[in-house]
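Letters are used for the chains, namely A, B, C, D, E and F, taken in the order the chains are written, and counting of residues starts over at 1 for each.
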Amino acid sequence: MDTSLFFPALLTGIFCYLGAIETPWLFGMSGGFYIVGRPLVAGLLVGLAFGDIKSGILCGLAVQAVFIANLSTGGATNSEITYAAYGGIGLAMATTKNPAIAVTLAILIGQTFGLIFYNGRMALYSFWNARAEKAADQADTRGITLNHLVYPQITTFILRAVPVFLAIFYGKGLVNWLINSIPEIITHIIQVLGGVLPALGIALLMGIVIKNKTHLIFFMAGFVLLSFAKLSMIAIVFIAALVAYMYYFASSNKGTGNGESETKEATESAVNTDDEYEDDDLF
Amino acid sequence: MSKSDSKSVGQDKLLSKHDLNQIWYRWGFTHLSSMSYEKIQGHSWAYSYIPFANKFYKNDIEKKRRLLQRHSMFYNTEPQTGQLINGIVASLEEQIAMGKDVSEEMPVNIKTTLMGPLAGIGDSIIQGIIVPILLSIGMSLAKGGSPLGPIFYIVAYGIIGPTISYIAFHSGYKLGVNAIDIIVGENSKRITDAFNILGVMVVGALAANTIVLKTIAKIPMGGKTESLENVLNGIFPGLLPLAMVLLGWWLVSSKQMTATKVILIMTVIVTIGCLIGLF
Amino acid sequence: MDTSLFFPALLTGIFCYLGAIETPWLFGMSGGFYIVGRPLVAGLLVGLAFGDIKSGILCGLAVQAVFIANLSTGGATNSEITYAAYGGIGLAMATTKNPAIAVTLAILIGQTFGLIFYNGRMALYSFWNARAEKAADQADTRGITLNHLVYPQITTFILRAVPVFLAIFYGKGLVNWLINSIPEIITHIIQVLGGVLPALGIALLMGIVIKNKTHLIFFMAGFVLLSFAKLSMIAIVFIAALVAYMYYFASSNKGTGNGESETKEATESAVNTDDEYEDDDLF
Amino acid sequence: MSKSDSKSVGQDKLLSKHDLNQIWYRWGFTHLSSMSYEKIQGHSWAYSYIPFANKFYKNDIEKKRRLLQRHSMFYNTEPQTGQLINGIVASLEEQIAMGKDVSEEMPVNIKTTLMGPLAGIGDSIIQGIIVPILLSIGMSLAKGGSPLGPIFYIVAYGIIGPTISYIAFHSGYKLGVNAIDIIVGENSKRITDAFNILGVMVVGALAANTIVLKTIAKIPMGGKTESLENVLNGIFPGLLPLAMVLLGWWLVSSKQMTATKVILIMTVIVTIGCLIGLF
Amino acid sequence: MDTSLFFPALLTGIFCYLGAIETPWLFGMSGGFYIVGRPLVAGLLVGLAFGDIKSGILCGLAVQAVFIANLSTGGATNSEITYAAYGGIGLAMATTKNPAIAVTLAILIGQTFGLIFYNGRMALYSFWNARAEKAADQADTRGITLNHLVYPQITTFILRAVPVFLAIFYGKGLVNWLINSIPEIITHIIQVLGGVLPALGIALLMGIVIKNKTHLIFFMAGFVLLSFAKLSMIAIVFIAALVAYMYYFASSNKGTGNGESETKEATESAVNTDDEYEDDDLF
Amino acid sequence: MSKSDSKSVGQDKLLSKHDLNQIWYRWGFTHLSSMSYEKIQGHSWAYSYIPFANKFYKNDIEKKRRLLQRHSMFYNTEPQTGQLINGIVASLEEQIAMGKDVSEEMPVNIKTTLMGPLAGIGDSIIQGIIVPILLSIGMSLAKGGSPLGPIFYIVAYGIIGPTISYIAFHSGYKLGVNAIDIIVGENSKRITDAFNILGVMVVGALAANTIVLKTIAKIPMGGKTESLENVLNGIFPGLLPLAMVLLGWWLVSSKQMTATKVILIMTVIVTIGCLIGLF
């Protein structure tokens, strides 16, 4: 064991807790999950912890590419990005500082231990939820605070900071062994997989935004503007905004302003006369 | 009865700026701090209303109990854009506390009605557009290991996220129940649809920008061999990534597969592709 | 006469028959006119026949460029692409194997002999048609088969395979003489004309798709996306699909789905009340 | 009376899978095998119905005669997409053969009504979009003489063409007369218009991609001479090709000229241009 | 004084009059303000006057860039482009022939003396207007001609040709002194300002065309197509035409032609029945 | 009563081709020759009608006086596209001179109604689209000092400007009052809106094309310093020009500032930026 690893490993563990989706301290998700939880930021923070910012950022950059389309909706996620980021980058920094190793480890951790711990923690929280509910039933505000905030956060801290710390502090040997003994084809497969993984997040996003199969046309247009026309994401956002505005404009059946009222009038007078019609029926 | 109507009768406001901000940031900090699949953000409501309960119902334990109870139910939305709902509900709870003609089911109904739509639009704007774009800028700035990349991202999202949250909450409070018309009305449907179109195009670009899959196969071409990747790029750059994401989408949406299953299938494809020398 | 030319010339003649618009054997136009009839494919096939695939394909490529917008609508065509392809490429392969010669010959053949033979054959077929009609009137199915399929195909075979075979087998001298004696300016003019010829096919296509003069705007947009923005045809197809979808979307007067029914309702209730109105009139 | 209605009465089907396929491929192979300007694809109908006639009307020579006669009239459409009509007519002839309440004029009317619209849309999609695009890909793959180019085209169109034909026929048969609503109804008008827009844009791109006309003139520019082509490219790349195609279109559509006349005019322009040293 | 400057300076003064917005002689604004008044054209003309076309055009090019978005609406202008062009280019040609000097002088003149002279002249013209009005009241056509055309033009000629002539003829020394004594930072600031000045003209144009804040989306799309996609202005005009056509198409509430009449019918029958409704009321 | 109606009664025309052209070119030459903020183009009308007045009202001094008087009022529009109004008014004055049932207020009303809309659309098309585009082409041709640049511009605008003027005048005259429907009717509103969209996009491109503002600051990036301009270009090329023009637009439209004030503000920004080493 390399005792100089103690503080870096500890800090990385704490960061892994602070970047968790359930951490409140940095204005909830805004500063936690969405900032500290991003591998790009993790690279900087772990780099600072290990005193080698440049290597940290290079690892973060590589890992971020894999998880750029990470998605968390309805509480479910496609990869445990925080464990992946801090576990992967942390272990890589403790060993070879090689970004490719960071990516491999991040994928392994994110898609296995990470998801297991994540779902385990979700299950455990039901226990605190039940107690919080009871507290609410009894108008026990202290109970709510304890069971909504204090106990769950202790749980999370234990489930995140501790294993990540231990993994980095004690895992060096294992990782070195892995690096040396894993056949090259496996590393290659994992690398290729890293390129493909964002496809899942994007597929999930498509599931959210594509309401109608014909809208795949817009997806293809966006794809083509980047892949063929080599436009940047920002440029495409503006072009997409134009298209969206045109869609909005066309979705109304108003003409040029007064048309709207016209149609409304038509509908209304039709309705009026409809009433009239019913009245007529009465006589 | 609209909020402005009721307010014109008797006392107009109950919540001080400070009360309101307390409701806002209590949610802002703890929305997911006890998230389980069972309740997700449910208890954060009760937690947000603790000071309110203590202040306005300190003598009426029953009302306090009912308040905390009705804000302990399952709830889930995108927590930042979703502050709109927190704002609306704050205006309703204010009415209730003032004894106005607003039923106690009202806030509950509004929460269940609006949380779905706002989750959809919020997730796609934040996770589908804002975050990936800021990240791709940050990543390009971080090339070569420059801290400018992560710092740019931290500053940019650090401003955008809380700002959305703040504006959403206060707009919701200001509009009160009127906000509902705006959120679920005809025009809002059109706006949401338009945002979806925007989202779909940006997600298409995102797919082209982030998925990486290259073939290393070679094909014979006029005597010599030529890299298949080059040939494909000449015809349709990004064809393999496109195929992957369309496969993923089809599995997720038409075959209703879970994310884990899709990952397994992709792993299998990649493994076979690597073994036969395709990737 | 070069007897080694016999089989290549014969095969080229047969291909020229198989690529004809009226050939049934390769699933009609699908495999005939649209595949074997294309100069690009002709290059490969003639190359195989002459045992020099590469030169064949290079000739095919050059000739294809001239005829890429070949159009056959309502039975009429702007150039006889099959004679042009097999005559031009075949004669070039029999002499210099020079793509520019292939183009020159293809244009000469396609726009003169080709069109004459094509229209001659069309006229001849009226004869078989009359007999097929009589057969149908007499419920003579064998007569239909003979006059719709067998006799016409023999006619076509004679009109295509034979002259192309003869031209290649005996034409070598003539072509060599032409190559040497045609003044350079004529070759230059034909070359320039080859670049301009696709304009006709495209003009005819425009005649089909442009229903409204203002739609020239879309034509110009497509032109500009290729010529200025240097996008590929495929990319433009996707962008055009987006534009077409927006056009489709805007062409309805439905709002966002339920709008459609609303308007329908308005119309219907208006119609109802209209009926009512007439009923009222009766009393 | 719709096909499904009538089918619910008594016997439901007459044509076996094999009968249907026979009608499909007989047309698929011989649609133009006796084409003249007089009849174009007319007799291919009679030929397609020979097995049908022999099977169902073998004892009723008069009906057989009428069947073959009514399918010997002038007919012309795009033969691949147009299989939709063949499918619809097959379903009607089946009805007639079963003695259902479908008049013998019905198939004839449908053929004459639909052949025009389907020729227009079919030609522009196949000859205006699919074939040129596949060819341009094939041409780029064939650079340097690689057989990959023609092989790509053969495989691609070899799959697309017959597939369109097959799907069109079977959709037509399945929908029967209902297909007509779909083809000539209000929404279909909108779809056709949209496809036209797609076509117009692609044809615009095709013009820029395929027409080649460069000037070799030089113009004086700041002392030295400069190639006019370079100057034009700086302002509007492809201006000369554009001028040519617009001229062609104007001659064809406004002046109603035949293709041959337009070729003559273009030849004259090119010749003069070459002689005066412009091209 | 350099007497060889006499004719060039005089000609430049006359051009400055001919390019004025109020000059009639070249078919009003068409040939005056919009042609002779443009710095690009001024470069050629002053170059001719000074016998050094190339330097003139290079100066004109540089000055044009600054004033490309010059705008004159409702009689008001953001810079006095004609004084700027002829003053700036003329003085530069008389001294260093340096385009950067031409730009600096043009900005100084255009934004100061130019605007003052312009507005002064506008005020003076009210005097002639009053007399023209009186002439009209008396049906005195000669008076109209004199006060609408003759006197005002003499005024303008004096206010433009004379000062510009004098400035160039006598200003050489002053300009040389300025060039040598102005601190570099000032020159730098003026240069930067030259790059920024077009922003004002464009902002004014935006004020004219942007009727609705959401239309900023179209502005951004145009901006992005040039700055990101590097398309030329001409290409963007065609793309913008497509967008505008789609907007026009969507702005109608007609379906695909007959839709329009449908809606109209709905409205009309609704109106009919509305009348009916009122009639019913009467009884 | 429409012009064609009234013309069918009795005499049909009064103005010869020459009379008309006189009205057209008198305006075309002198529209702004006595421009003040008070009248702008007002007197050019009276001047245009001098020959008309002398010819048709030579015996009726009162009518002549009224004619010249009503055409001496404040008037302002884009003078080239605005010839449409001159054409319409010419047809009305012709009616009046023929003694048809057209009131003398009519031309005045039409002038005041139409001058605004036509100024807006005319200015944005001519000064916002045509002139800047022709100038940018001319500027690119003038690179290196070639006279081709200015000559191109002179020829191009020299044709376009007077042509617009001529067509506008004669269309106006031909349509007469009917032109008003076309100009202010429902469909014209749609066309104007569409032209505005075109204008807005082109102006956006113009902004990107013409405003130049670069930063010379350097920022530390991974050890070395990197030019801020390069970094910005990687994220958003033209961000500084965009910021400037949006600032300008905001000052002009929301803060209602005059052009001079905006120039002052920009000068201050540029000066400070230069002094602190930003620009």
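In this section, contacts are C-beta pairs under 8 Å (C-beta built on N, C-alpha and C of every residue); 3 or more make two chains touch, one makes a residue touch a chain.
The UniProt protein names, listed by chain, are A, C, E = PTS sugar transporter subunit IIC; B, D, F = PTS system mannose/fructose/sorbose family transporter subunit IID.
Bear in mind the structure is a predicted one, so any value in this text is a computation, not a measurement.
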More contacting C-beta pairs: C-D or A-C? The answer is C-D
Could you label the chain D-chain F interface same or different, taking same to mean over half of its residue numbers are used by both chains?
different
Cα centre of chain C to Cα centre of chain E, whole Å, reads 52
Averaging C-alpha coordinates per chain, one finds the centres of chain B and chain E separated by a number of Å equal to 49
When the C-alpha atoms of chain A and chain B are each averaged to a single point, how far apart are the two points in Å?
10
So chain B residues touching two or more other chains come to 137, 145-147, 190, 193, 222, 235-236
Touching two or more other chains in chain C are residues 54, 218, 220-221, 223-225, 228-229, 231, 234, 239, 241, 243, 245-247, 250-253, 255-256, 259, 263, 266, 270, 273, 276, 280
Which residues of chain B touch chain A in their complex?
25, 28-40, 42-44, 46-47, 50, 53-54, 61, 64-65, 68-69, 71-72, 76, 79-80, 119-120, 123-124, 126-129, 131-133, 135-139, 142-143, 145-147, 149-151, 153-154, 157-158, 161-162, 165, 190-191, 193-214, 236-238, 241-242, 244-245, 247-249, 251-253, 259-260, 262-263, 266-267, 270-271, 273-275, 279
Residue ranges of chain E in contact with chain C within the complex:
229, 231-232, 234-235, 238-239, 241-242, 245-246, 249-250, 253-256, 259, 262-263, 265-266, 269-270, 272-273, 276, 280
Touching chain B in the complex, chain D uses residues 137, 140-141, 144-148
Mind pulling up the chain E residues that touch chain A in the complex?
214, 217-218, 220-221, 223-225, 228-229, 243, 246-247, 250-253, 263, 266-267, 270-271, 273-274, 276-277, 280
Can you name the residues of chain B that touch chain D in the complex?
219, 221-222, 226, 231, 234-235
